[in-house]
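Two complexes are shown next, each including chain A; its partner changes from chain B in the first to chain C in the second.
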Partner chain A sequence: MTFDLDLIVLYLPDIVRALGVTILLWLAGSALGLLVGFLIAVARRYGPRWLDWALLAPVELIRGTPFLVQIFLLYYGGPFIGLSLDSITAGLLGLTIYGAAYYSELWRSGFVAIPKGHVEAAQCVGLNRTQTLRRIILPEMTMLLLPSMVNMTILMLKETAILSIISVPELTLAVSALGTKYYAFVEGFAILALVYWALVEACSALGRYAESRLSKYRFAVS
Partner chain B sequence: MSWKLFWLLVEAARLTILLSVISVSIGFLLSSLVCAAVMSTHRSARIAGKLFVSFFRGTPLLVQLLLIYYLLPQIGLNVPSEVAAIVGMSLCTAAYQAEILRGGFSSVPRGLIEAANMCGFSKFAIFRRIRLPIAVQLTIPALISEAIMMLKSSSLVSVVGVVELSRMAQDLAASTYRPLELFAAAGLIYLIINLVVAGFGLQLEKRMQWGRT
Partner chain C sequence: MSAKPAIKVEKLVKRFGKTTVLEGIDLAVERGQVTCLIGPSGSGKSTLLRCIALLEEANEGFIEINGEPLGFASGPNGERVRLPSSETQKVRAHIGMVFQQFNLWPHMTALGNVTEALVTVRRMLRKDAEQRAMTQLSNVGLSDRAGHYPSELSGGQQQRVAIARALALDPDIMLFDEPTSSLDPELTGEVLAVMRDLAESGMTMLVVTHEIGFAASVGSKIVFLDQGKLIVEGKPEEVFGKPRHERIDQFLDTYLDRGAATLL
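What follows is the complex of A and B.
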């Protein structure tokens, strides 16, 4: 097994560009997923009953099927219902929908976990609904949900690798292309794994740091 | 979409189920070893266990599968792609299951272990009678979700050429040019399998309420 490092150096600009696409898709997909997931969670908890039921089905459909099948459906099936997207847009949309379903469940678990007494106490001291939400519910929820949100966001990064299958020009696709060109699959994928590993570890380190900064909002869960 | 096509998908789904069951089972056996390593008193075993868990949880399964698929022949193991797929899936799920088991074992109340100690239970008896049953009880829900996760992730082995459910859907979509119906049908089959597994998990949880007050 020859380990050709020169190859990596030669194609470094391509790889860096592909890494940029991966990170961009990851961050954009996660941010949009978080936002849409929050809206879904709010609609299901505070909206009318029928809305809760109407949103249950799509969320469970997304959570019960593989991401790969979802993006195939979107990318290859989309044009048949007039939704012709290029691979990057389809990838981002797929990531957003996928993330939104999972994030919405996390947000919902957060709403449930805030003790009623905290909300009542806030009302007693004269906070209005917005203030209660902003000063009590959201900070406490952030603290409570942070670990699982970080986990989900890490999962989102790993799911971006799957987008290479619909030829989104991200990191895994770039490395696979190099592998095909020079028959250097093993070293390519080994380095690829290390890059993802580093990103994931960095993300979870950031999560731990945020957790320690936000620990003043922690409350005992009984 | 004709029944014939749908039937082909169902046939392929059998391989999906088979791969998942084998991998989750091998993964469970491996994960007990990894969990033992992570919780052991030997520093080097702990570090090795933690590295294993961190690597396989920290990299995409797709990349792991590709790496293993190309690595095995290079080290002289010419195995069919199904075997490479099982190796990759087992290693990945072992890392996740090890982490779940570790969580379970560390949630066993210390008081129970101390009480058993006072009653003169041997170390093995404590493990067999107290720590293991409680840890299993605590981890069943998480292990079931991990099994469902693996069922969904098994779609990724299509990239190393294993013709399971999602690969069959891809091939049929390419030849019949009806991707919409085929991928929707494949998704539906995954959903049904997952619902069955989830239902089975709930039953299992109900059965395992020993010692609960």
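What follows is the complex of A and C.
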């Protein structure tokens, strides 16, 4: 096996561009997934009973099927129901839906984990529902959920690789295209692994930093 | 003493599903007095307090705070009419509540806990709110702990912060639900001392407690609850002195060690 560095240098600009697409889709998909997941969790907790039930099925469906299958159906099946999306839009939408299902369950576990008494104390001093959510529940949940949120966000990065099957011009697609062209799969995928790993490490490091900032009160839940 | 009691509870009924936890409670708490609520576990003491704090909604009956209806008003035929929540919140603001579990918010310092409602609810400037909070913290002997998070405070200190948090809003009635029950014995004293000071300052207090000593010495009135009914009510010496109501006798025997009971 020869490790052909020249090839990498030659295609560096392509790879960098594809890396940009990966990072962008990852961050946008995670951010949107977090947000939509939060809205789902709030709707299920504070909304009417039927809404909770109505949201349960799609969340379970998404969590119960492989992302590969979902993205395939969305992109190639979408046009049959009048939903023709370009690959990047489909990719972002797919990631958002996928992330939202998982993040909503994390948020939900956060709501459950907050002692009822902390909310009652807020009620007793006159905070209304929105104020209690914003000032008490959300910050307290952040510290509880941070490790699992970071973990999910790492998984989101790795799921972006699946978008190559609907030819989103992201990193995995770019590298495998090069591999096909030059029979350099091993070099390509070795580099691919290193790049994903570096991104994951950066994400975990950020998470650890945030956790250490919050450690003062992390274990204070009485 | 003013004509209207600080708290007036009338024929209050509270059910959880099929079980009736409060079976028609009538109670008046006079202004400036300390009323101690005692009774066996499961008798409904917390539930009664939580109804007054509006953490539970009673199924029947009425509550008045300083003569104003809380949550529900009595209609022309005695039926319950739900009051608008803005009105309810206004009446509720007269009440401060202290929990057995302290319930401090763990992501805020002691000062942050006391300041929170002043800024978020009362819309005070942070600077003024903090000044007011510092006064409250020093009243409970904790000015040097203002910057500490709850996890960095002892149970007794946490409970004193919780008392300061409630008092910062300037309530005229304070409810306490077993404020010392989750504390180590050596820490109950500092919390009871703060409550004693508060009682001496003329605060109206309704206290659920198993500290019979505190109830006997600080309480102006003892109320004994048993299986959702208020069965004995009177001055400490009437309730604890002999001859005692048979259920009080049993209660003192069962729920306190005999040593403490004989001291009375």
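A few notes on this one:
Just so we're on the same page, the second predicted complex is superposed on the first by the 215 of 222 C-alpha atoms of A that agree within 3 Å, B and C clash if a C-alpha of one lies under 4 Å from a C-alpha of the other, contacts with A are read in each partner's own complex, and residues count from 1 in each chain.
FYI, a contact is a pair of C-beta atoms (placed from the backbone, for glycine too) under 8 Å apart; a residue touches a chain by one contact, two chains touch by 3 or more.
Since this is a predicted model, take the numbers as computed values, not measurements.
For chain A, the partner that touches more of its residues is B, with chain B and chain C as the two candidates.
Of the two partner chains, chain B is the only one that A:Ile162 touches; chain C does not reach it. In the superposition on chain A, A:Leu61 makes contact with chain B only, not with chain C.
Once the two complexes are laid over each other on the shared chain, residue contacts for A:Cys124 go to chain C alone; chain B is not touched. In the superposition on chain A, A:Glu140 makes contact with chain C only, not with chain B.
Shared-chain residue A:Pro115: touches chain C; no touch with chain B. In the superposition on chain A, contact is made by A:Thr172 with chain B only, not with chain C. In the superposition on chain A, A:Tyr182 makes contact with neither chain B nor chain C.
On chain A, the positions that touch chain B within their shared complex are 1, 61, 64-70, 72-73, 76-77, 80-81, 154, 157-162, 164-165, 172, 176, 179, 185-186, 189-190, 192-193, 196-197, 200-201. Chain contact summary for the complex, chain B toward chain A: residues 54-55, 57-64, 66-67, 70-71, 74, 148, 152-156, 158-159, 166, 169-170, 173, 179-180, 183-184, 186-187, 190-191, 194-195. Contact residues of chain A toward chain C in the complex are 115, 117-118, 120-127, 131, 135-136, 139-140, 143, 214, 216-217, 219-222. Within the complex formed with chain A, the chain C residues making contact are 53-55, 89, 92-93, 95-97, 99, 101-107, 116-117, 120-122, 149-152, 158, 162, 165-166, 169.
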